[in-house]
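Two complexes are shown next, each including chain A; its partner changes from chain B in the first to chain C in the second.
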Partner chain A sequence: MEFPKSVEDQLKALKEDMKLNKQQYENLLKLAEKQYAKARVVPGEAVGVIAAQSLGEPGTQLTMRTKWLAGAREMTVTQGLPRLIEIFDAKREPTTPAMEIYLKSSHATSESKAEEIALSIVDVKLEDITSEINVDLAKMRVEVYLDKNKVKHYGVTEKYVQNMVKENFKTAKITTGDMMIGIRPKEEEVDLRKLYGFRVKVKETHITGIEGIKQVLPVKVGDVWMIKTAGSNLREVLAMKEVDIENTKTNDVFETFSVLGIEAARTVIVEEALDVLRNQGIEVDPRHLMLLADAMTNTGSIRGIGRYGISGAKSSVLARASFEVPLRHLFNAAMYGESDEISSVIENVMINQPIPVGTGIVKLKIESEAMGKKKTEEAKEEKAEKKEKKEKKD
Partner chain B sequence: MTGVFLNGKYIGEHQNYKALMEQVKEMRMKGALPIETNVSYNDKEDSVAISTDKGRARRPLLIVKNGKPLLTDEHITRLQNGELKWDELVKEGIVEYLDADEEENSLIGVFEDELTPAHTHLELSPTVIMGPQANMVPYAGHSLSFRITLGSKMIKQSLGMYAANLPIRADTDVSIIHYPQVPIVKTLMYDLVKFESHPAGQNITIAIMPYSGYNMEDAVVINRASIDRGLFRATTFRPYKCEELKYPGGQTDLIAIPDKEIKGYRNEHAYRYLEEDGIIAPESVTEPNDVIVGKVSPPRFLASLEEFRVGTEAQRETSTTITNAEEGVVDSVMLSESEEGNKFVKVKIRDQRIPELGDKFASRHGQKGVIGLIVPEEDMPFTANGIVPDIIFSPHGIPSRMTVGHLIEIIGGKVGAMTGKTIDATAFQEVPEMELRKMLFESGFKEDGSETVFDGRTGEELKARIFVGSQYYYRLKHMVANKMHARSRGPVQLLTRQPTEGRAKEGGLRLGEMEKDCFVAHGAALLLKERFDSDRTIQPVCKNCGLLAVYNQFKNKEMCPVCGESAPVTYIELSYAFKLLLDELKSMCIYPKLNVKPKY
Partner chain C sequence: MTEEKPSEEIKIDIFKSKYVPISRILSEDEKKALLEKYNISSVQLPKISHSDAVVRALKGKGGDVIEFVRKAKTAGLSKYYRIVVGGSA
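Entry: the complex of A and B
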């Protein structure tokens, strides 16, 4: 029998630890096989409902309140119920995107190295390295005054900044002075109101670092240094040579999907949801979340839970109609002449038939020959009809 | 320049708003401006608002100057002697009424000893930071605010003597307690609302200890002898009414004992208490579904009248009966005339409610509980003095809820009972706990209120000392007699053929969506089907068109309304609600074709 890899690894580790000989190891395998078979879910088990209940019940204990972490150096991340809803609804962008960047061992050992990398990836905008940005009404231009210390802090030069500004505003007329850059937009754009709008644009000019990484924080985890960030840009971070590609991750499901693919996205869903629950002190069996994540990702794209996601994509008309906006589903089904096989739980509950779950999944068909009586299918049916008719009359 | 607004309307500007406000206040005091005037300054908008309009809640406060209230001891003596009146205090500028806006400009002290020169006002009493309801809770300053809220909510549900004109009233579903008492431990508010003239609870002897687990989870154990002596005994009244209606065409109802020939005649037993006028006799002991007022109505439709001609036969029985699960004694019968001038009868039924298992009680601290066990007096624990508690309250209710006021009240009640005094427990100005302890000690008890207690069942001394005292308890209006309900088979709704809902309609207990999910999670498919079989039907279906067919009982033959009599028809089992859904789909011009095939 084949075990999943994690179980196999555990067994092998056990063999090493206890110094088992071949015979003993085989006995262990037999024992493990028995236990493994016991732990497996029985056919017909309502895993979906059980998963839903296992996640729904602790969900009632989650507070709506977002937990804010006090302290200047920590970053705030959406937690609790809002975050859980965000994950399950497959929201395009998380409200607080964040990354955990692990570094290659050559850079992970000292704080200064981690700090250096952290500073090099943080998204620096022009306003971050200036003392002030003014609008000069006489010359009709925006004047940027660079701050020497800030420029130095982010490891850039005045010349570099000037070049970045020039690159960003190719049509504008740029004059440079001592730690000053004057930017005058194209003639036809010079107008007082537009100039103020232009100033905002100037403020947000990207200078250096990776776009989207708003905040960085080197942290020591165990005995390695890694970087936590607010804001996320997985593609560019993974491209850096100092970064440990295998462990670095983001909390943005869709970004993970576009960079690493659907399996990685599934893992992010599971881990993020599990993280939220653990932070609130709730233990949920990860297999429930895995089932949920599988349901969300098994088409190769990410679908949320709800009308526009999984529930809206059910094949049964009645099942869809029983979940939000029934009229639309019924009319559409009528238009396209859809048929419902009445094969799942909800439909069978609706028409009061045994549901195909648990004891209801077992179907026995006894050949009439086997019972020693020769009867055709037709005759059997007729008999059943008569019986029901009789019942009805009663 | 400061903008000046009168009742929200801009009226001008002023250079010195402080002087303006002073002047308005002075004129208000002198009576040159109405006493309802309030003036306030908004520093964000730099505006002065003068209000004289209606709808502002205003409250009286003592004026403070230089850290001292203007009200002196002399004033108080004069007030006590009746030489000075409240209105004069207002006129003299010792008390003034502030509205919410003017309050914003004031610094109001709660206690006199915390006053500083910056203070402008002082509360009349620290206890007014709570309203009348919250002030009904004794020692409110010792418990969590949430418990005070709960406590005052439950006081509202207590049974008491709510009106003096009870015999002539006909309120729906009210109860009165038989032997209400004035609380030993009370607050100022009890005097202000004249609680003594309509008390609601009883002072009971309480012991805080477990009793074989019968008082766990907020239950209380109660002494049978106390109940037998009338503790918390109550009477519920429920009025029934009946009107002799007039119909168009000169027909009228008739209040009388219905004739046996009449449609819907119950049986003689149901009418046994009716007197000649068709109304039940006072002091009749009724059972559920007994007729209170016999009434006969004309047929509902004129057509049916013509059909049967013969006088009384077409008439309907429309008597007023006791609702099921209710019973009691007829208390009074009132004959009157309705607004339209019809004959109008009101019958009041009374029912004695002796405390029973499951009835709800509460102290004034949000500590509610139901009776978990009624114990014979001989089995109740007793103290060395031979005191037997009325109620045993579980100690587990105290630590997590932190209702310290509850415990102090018990000591207070014990002191009050021993000394024959009422104990003032008004929040923030109560008799201090230490004083109570001293008094308790002087009465010959341990000062912490604990006593040596013996187990009534074994006679042995309990190892722990038990906290015993007296407390004011309420009986709340939630009684099992009004709520107990169960059903196996019973009435169903006409439309869906599903069981009715609610106790009054002898309804079923709903197995809802989430309960259904539990059956699904357990894989109990057939049990689930059986639970939902209440609206099960067998319906004929046309195999040809897939629509519901019809069974003709006279011909003993099925036919399809679409395909005709020769169409093949089969029977399927389904819930009636689904049959309704199919009908509704048809009404929406959606063709729900059933493809029927054998199940196996």
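Entry: the complex of A and C
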């Protein structure tokens, strides 16, 4: 019999610790085999229902235990029930996307190096490095005044900023002065209201860093420095040569899916959900979450749980109708001439038949030929018996 | 459902990430043995899109079965299989 690796490792460790000889170890294996067979989930067990209960019960406590981390030097990340719902509903983007960026060992040991990288990835917009952005009504242009210190802080030069602005506004007429950039949109566009709208666009010009990374915070975890961020851009962060690809993660499930594939997304779903529960002081067996994540990723893309996800994709009309909005499902089924095999749980409950769970999953199949033989044999025996009895009577 | 658009390819060695399990494409014989072992047909396997990052990295095509060796939380290591859907077979 084959054990999972964790059990195997434990057995081997036990062998070392107790200094078992070959015979003793074999006995141990036999015992372990028995226990393992007992501990396994039996075929036909309704694991989904058990998972639902195991997650549902602690879920009722989540809402009541919301804690506030006011003033802490931490990023605020959605926690508790809202985050759990977000994960299981497969929301496209988390309310608070965040990343944990680990660095290669050459950069992870010093704070200054971590800080340097942190500053190089934070998304800098033009307004972040200016002292003011004005609208000059006489010249009908937007005037940007750069702040020397801020420009230096993010490690860029005036020239670089000018070039970025030029690249972003190719049609506009750009004049440059000492720490000043004047941007005049092309002739026909200029009117007062448009100029103010233009100012907003100018403010949000991307200058340097990785788009989407809104805040960075280098933190020390154990011996190494890593960077926590608000905002997420996994693809570009992983492409950086200073970043340790192995451990770097984002809490955005869909982003993980598009960059690292469905299996990685599954792992992130499990870990994120476990994290939420653990942060609230709740221990749930990870196997329930793994089952859930497997169900969500079964088709190769991420489906949420609910009407538009897993429940909406069930093949049985009656099962779908019993979940939410029954009339719509029944009407549609009638319109398209759907049929129902009555092969799953809910449909069978509806029509009062045994459900395919536990012992109900077993179907007896008797070979008719064998049946026939037995019947004739039995019949012969019976006849023989009767004959004997008759003879005795006689 | 909706598929992520494969954006402009930046070369990342995705197998370096701990979130991506060790994966390989099964040979035809192995695929047959797998289906026989669990007594299922290939449509019953979990699926993976042909545009998935892992499939693209392995250069898999429709109909291939990919084996993942997951680092599972409880079992240590566990194997999982997905069949590539979409794309030309």
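The rule we apply is simple: the second predicted complex is superposed on the first by the 319 of 394 C-alpha atoms of A that agree within 3 Å, B and C clash if a C-alpha of one lies under 4 Å from a C-alpha of the other, contacts with A are read in each partner's own complex, and residues count from 1 in each chain.
We take it that contacts are C-beta pairs under 8 Å (C-beta built on N, C-alpha and C of every residue); 3 or more make two chains touch, one makes a residue touch a chain.
Computed from a prediction, not measured in an experiment: that's the story for all the values here.
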| item | value |
| --- | --- |
| Contacts of A:Asp89 with chain B and chain C, given as first, second, both or neither | neither |
| Chain B versus chain C as contact partner of A:Val345, first or second or both or neither | first |
| Touching partner for A:Lys363 - first (chain B), second (chain C), both, neither | first |
| Partner chain in contact with A:Gly261 - chain B first, chain C second, else both or neither | second |
| Touching partner for A:Ile50 - first (chain B), second (chain C), both, neither | first |
| First (chain B), second (chain C), both or neither touched by A:Asp136 | neither |
| Chain B versus chain C as contact partner of A:Ala334, first or second or both or neither | first |
| Interface residues, chain B side, partner chain A - complex | 516-518, 520-526, 528-529, 532-533, 535-536, 538, 551, 570-571, 573-575, 577-578, 581, 585, 588-591, 595, 598, 600 |
| For the chain A and chain C complex, residues of the former touching the latter | 4-9, 235-236, 238-239, 245-249, 254, 256-264, 267-268, 270, 285-287, 290, 294, 297-303 |
| Chain A residues within the chain B interface of the complex | 44-46, 49-50, 52-53, 330-331, 333-334, 339, 345, 349-361, 363, 365, 377, 380-381, 384-385, 388-389, 391-392 |
| Touch list for chain C against partner chain A, complex | 1-4, 7, 10-14, 16-21, 23, 46-49, 52-55, 68, 70, 72-78, 80, 82, 85 |
